[in-house]
Amino acid sequence: MSSFKTMNFIKYSLLLIITALVVNGCKKHQNNTLVVHILHEPEDLHPTNGTSALRAEINLYTQLSLLKIDYNTSELLPCMAKALPIVSEDGLNYTYEIKDELYWDDKTPVTAADVAFTTKANKCLLTNNPALKQNWDNVKDIVIDAKNSKKFTVEMNHPNALNTWFWTDFPIIEEAFFDKHKTLSTCTTAQLIDSTFLKKNKAVKIWADEFNSPKYYNNPEFMNGGGPYKVTKWDKGVSITLEKKKDHWTKNCEEHWFCKAYADKIILKLNTNNASTLLEFKNGLMDVSTNIDYASFSELETDKTFTDKYITKLADTYNYTYIAMNMKPDGKTHQPLFTDVLVRRAMAMLVPYDQINKLVYGNHCKRMISPISPLKKEFNTNLKPIEYNIQQAQALLKQAGWEDTDGDQILDKVIDGEKVKFQFSINFINAQKQWEDIAKQIAESMQKANIFVQLNPMEFNGFVSAAMSHDFDMSMSAWQSSVQPEDFSQLWKTTSWSTNGFNFTGFGNTRSDALIDSINNCVQESKRIELTKQFQQLVYQEQPYIFLLTQARRVVVSKKWTNLEIYTEYPGVLLNTLKLND
Amino acid sequence: MPTLVAVTIISFMLLSSAPGDPVNSMVSVSNSGGGLKSSNDIEIQKNYWRKQLGLNLPLFYFSIHKLSEPDTLYKISNEAQLQQINERIKITGGYKNYIPKFVWYGFHNQYHRWLFGGNGSKGIIRGDFGLSYSKKVPVMEIITDKIGWSLFFSLLSIILAYAISIPLGIKIAEQPTSSFSRVSQTFLFLLYSVPAFFMGVLLLMLFANPDVISIFPPSGIKPTEGYSDSASFLEKLIDSLPYIVLPLICYTYSSIAFITRLTTTSINEQLPLDYIKTAKAKGLSNRQLIYKHALKNSVLPLITVFTSVFPSIVGGSVIIESIFTIPGMGLETVRSITSQDYPFVIALITLSACMTILSYLIADILNAWIDPRVRKSLSNKF
Amino acid sequence: MNILDTYHTIKQTLSRNRALRRACQVFCVFVVVVILAPFIANDKPLVCKYQGQLLFPAFSWKQKVVLPNQEIIHYNIGREWKLKDYDFAIFAPCAYSPNTIDADNAPRKSPFERQIIESSNKQLVSLPLKFRHWLGTTQNGTDVLSGIIHGTKISLSVGIFSMLIAALLGIGLGASAGYFGNNTLKIGYLQSIFLIISIGIAWFYGFEVRDSMLSNAFLQGGIYLIIQLFLSFCICGFIIYLFSFIGKRIDSKLKLTKTIYLPVDTIVSRLIEILNAIPALLLIITLSAITKPSYTVLICIIGFLSWTNIARLTRTEFQKTKQLDYITSCKAIGMSNFRVMFKHILPNVFPLILVQLAFGMAGAVLVEASLSFIGVGVPLDTVTWGSLLNEAHDHFSSWWLVLFPGLCVFTLIYIYNKIGAELSKIK
């Protein structure tokens, strides 16, 4: 090839590029398509086994459940059920009736058999949803009404405030789609949680292998639900497309939020990088985000040309960040640093809360004091936040026996005849920069009190399993919470520690366990609030966590869309209720 | 071939000895809230997956271990339990801890299963790289999903680089003293030293930023809508064109600098040789000299460079992909490593080792095709 | 010709070649910055007079000082040094340590923006010129200039030390492959069998017996891991040597004359082939996912992966040179192989290796910077050029986070490349 020819080649290709750019520039994206920013892909969209938070959001639009939450009043709404259940006097039997107009995508009506199947599928020991099973432990059985195939009674084991609430989290799935041979209907619920029965029964194993197989996790063709939207495309690493179903029963219904479906298409577009997300919004390529990072949000808020086109708003959430301290370490790989409550209190005093709030969260967050969000009525207002105070922390550490005796700028103490240095590592998830920034600030502040902190960024799964198996010194993360009545047994009960559950720290004694039980079994609201306040007091005294800050939701919505309402509850903005501005 | 086997053994051993329980990520762990009443549920699922993945088999055909260790230690999967046993062996083993013992496990082992199949796996010789730990889908599926864009960029960039830099290199060699040559040589040398991530971030900052110039979209690889279903390849290409430009520049600039330099030097090496002098004496112009004689003989190093691109097709470019959010192999690689998705990592290492060996082979064949001297030495070799 | 001669040639070429000289000068500037870093960028004053007492905080190894009036000053108070009332004080030109958080000037203050400080009476005033963040600050309010100055150490040492390892391995293996080839080294028949058996046994004593120590070392990471691994390899080497020695003795005792050639060349070539087939970046990320990220480990990994180029070059050069007359005559007068290899052949090959080393250093710097840029496989608490660029990756509006560290990486890579290119011109 001569250089002359090459020059021509280059010229022509440049020309081609420019024309293509012009052509593309003219093309705006289709009307009535909502483009939503997501920060990470859901790991899967399995109807029962999936665990990622984003899956729960997608389920809001693609699935229906018996009951849903009314985001304005924070109360229960009947969704698939005709009305809220009729409760028996002992609080154990809940009778529901399914609405008449409901039908699945294949036009078959929704019946009580589907609810029974959903329960069995969730409770079956072979289903790969071990982390979620506990929510179903209280369900004993579903009894279908002999005369009315749409009416059924849910039998529970114990009375509990959550007995109705838990239905909001779990979509009802179609039996004819997920269990073509009706295998589960031949077994009773009790049989499905009996491992000796399951060992003998081949049919259930075949069903479970099929039900747990990858296609139900990530293939849109095998995703099925009762909601007004359907997942039609999942372009891995790029986007997930939800399309409005052509004639869904919600078509003529605008009563509740879950009936609405204005946008024809919702595209959830993945962008993991803050800066390029920012550029996409500035270029008008995206419509909605609720998770832009705080720094970028502050930048957008002050940009006049941007706020002309977009609404930027901060909304409160019930979520909070915390640092868990290992109260019962093994003493070998992890030294007994935080066994003393004085030390834990001193640690809480060494965290520069205001500085973190300013540098990482742009002063958008509030202090968290106990495991209950200050927004909730259960919050104990008598508790005062522990403030940043190095001198007092040093005094407390000295009182607990930690002193720098050898002059190496690290505190030490003789424990069981062995000199232990006050140095430890702090675990956090590597996916987001905010954790790294917070950890660096804490490390700098601790260093002033002669404590050496190592940063240990971890991948999500590794982080969780390290925390659950008590393999950490300090572990920093966030909990997502909701309007539902709080169930403390998962995070704070001693059994949850001994079985490697979510009680990471080893908090608790017989008194706290008894308190948690009485909170759970209490149906009367005012009494429950009183007990919850007592429990907060207990946690506050023990300080197993350093409670950091509440989290704010950073809502950015294009002014092309109206009907915007922002809720405290996840996901903050209901995408199906957004309506295109004419 | 022996190289390939060695590479797979090394990577297999390395990753099997990595810490962490691989089935942890197979079992769904709740992201928010959630809780566990009994760890029994989790153990049932874990054991199921262990069997499914063949992790209950011994690692290799044989093992050399301490006399005090039981032969069936591999069957214990619980890490805490394993640690206890190891500690007990350490204390009670005594002299037996220092005597080696050779155990032959036969063909029922993880490596054999991985290579040739069995126990529900087809083995890599039939294209089955096993199940991804973190995504629960076959590794091959992920690779076919992701390799498209990496392949596209690698090939396009190398073609572009050659199309630009060979004529450029010739031009520089033709008139080595002209100001054009001097300027472009210096410029290319500077360009060669610019790190790709610096270039990428600069390009984004300058050309996709409404505050400066906004010609190109800042991220992704195709329009948000995706392509229309009926779009032909060309239509897809045109749709994606604005998205391609910036990453392509990033992929290409350093190879342009490198190949141009290579072309120039290898032609320059030919010029003082006798046959060129003879040709010059015949009265050929500088240009004719290069095109007719020198170029043909200086093509060897260019071929070597061309084939060396092959392995990078599998690996993709971590940096460029992460800057421009391209769903390619590079990002997938980092994801798989940080989430301990070892079947995927081993598959990657094996594939790129294959590619390397393939590239040697192709380079040899091409060289033989062009250079009769090499052909002769090759035929001697085989 | 010996190493001294090579030194003289280099000196001569330096005086002749201007571009090379300049590149070396810039390199020296980097080295000086590394050595003086604690005194150029430090948040402690170099000299100060406080409460009538003369202090040298930046030079002191102690952690605190007790003043005559019983006031105790801890040396690790970070930015509070700037708030004290001194009689006089001289601060470093860049008055910040790389990890010191300046919350007043955060997040991300541009070099040209107004920078503030909280004065002793709790009011926010303009930052005095001597405390200015000349190149701006990061998200957490750490100083960019200080980060760049202290980051130089990492970038330079990664290049130099990894190539040192690569050179040792590459020259050693490449030279023996080239010099001995496949049919020079003879070993006895029994000895060879012993050698093969010894590999398994060496593995056992080197790794299996020490496995608890090694897994502990992997947990600890860093220099400890390197030492433990090195020990393991030493044990392996010793056992293999022992067995081959015993084999040789038995051979000579039994008077077995059957010998075979040790295929040194094939072994080394295969090793090179295997290492080349493994994608380097992938292996580095994988290894650093297994052990705790640390620069010592990173340097060693890069070193162990990049000796192949040097080895290949050395091998070809040795193959060519060993056939020359003067080498044959060296052998004829009974010089030892070792002496011939390293005293008579190596100096001739050395300039070529130097070129390869310079390019290798550029590559190593690039690998380190890329890894810190994507934030994988490097410790987070060390500020490096790459980690500064990583911050910019999240916030494009902060151009100073892109420009300055990016230019530094570019310059270092450029001068390595330049040195390599100029050296290769000389020949």
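Residue numbering begins at 1 within each chain, and the chains themselves are lettered A, B and C in the order written.
Just so it is clear, a contact is a pair of C-beta atoms (placed from the backbone, for glycine too) under 8 Å apart; a residue touches a chain by one contact, two chains touch by 3 or more.
Please read all numbers here as calculations on a predicted model, not as lab measurements.
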Centrality ranking, top chain (CA atoms only): B
Comparison of A-B and A-C by number of C-beta pairs in contact, larger one: A-B
Distance from the mean Cα position of chain C to that of chain B, given in whole angstrom: 25
Between chain A and chain B, centroid-to-centroid distance (C-alpha), Å: 35
Rounded Å distance, chain A centre to chain C centre (Cα mean): 43
Shared-contact residues (touching 2 or more other chains) in chain B: 204, 209, 211, 322-323, 338, 340
Touching two or more other chains - residue numbers and ranges from chain C: 393, 396-397
Sequence positions of chain A contacting 2 or more other chains: 273, 275, 279, 430
Chain A-facing residues of chain C, complex: 62-63, 74, 76-78, 99-101, 103, 106-108, 139-141, 219, 375, 379-381, 393-397
Parts of chain C lying in touch with chain B, wherever the complex brings them together: 200-201, 203-205, 208-209, 212, 215, 218, 270, 273-274, 276-279, 281-283, 285-287, 289-290, 362, 366, 369-370, 373-374, 376, 386, 389, 392-393, 396-397, 399, 402, 406, 409-410, 413-414, 417-418, 421
Touching residues on chain A, where the partner in the complex is chain C: 273-275, 278-279, 293, 295-296, 299, 333, 352, 355, 358-360, 362, 404, 407-409, 430, 433, 436-437, 439-441, 443-444, 447-448, 450, 454-455, 457
Footprint of chain B on chain A - complex, ascending: 1-3, 6, 9-10, 16-17, 20-21, 23-24, 27, 29-30, 33, 35, 43-44, 49-53, 125-126, 128-134, 137, 195, 214, 217-218, 233, 235-239, 241, 267, 269-273, 275-277, 279-280, 282-283, 285-286, 430, 459-462, 464-465, 468-469, 479-481, 487, 489-491, 495-496, 499-502
Of all residues in chain B, those that touch chain C in their complex: 2-4, 6-7, 10-11, 14-15, 18-19, 64-66, 86, 90, 97-98, 100, 102, 189-190, 192-198, 201-202, 204-205, 209, 211, 311, 314-315, 318-319, 322-323, 333-334, 337-338, 340, 345, 348-349, 352-353, 356-357
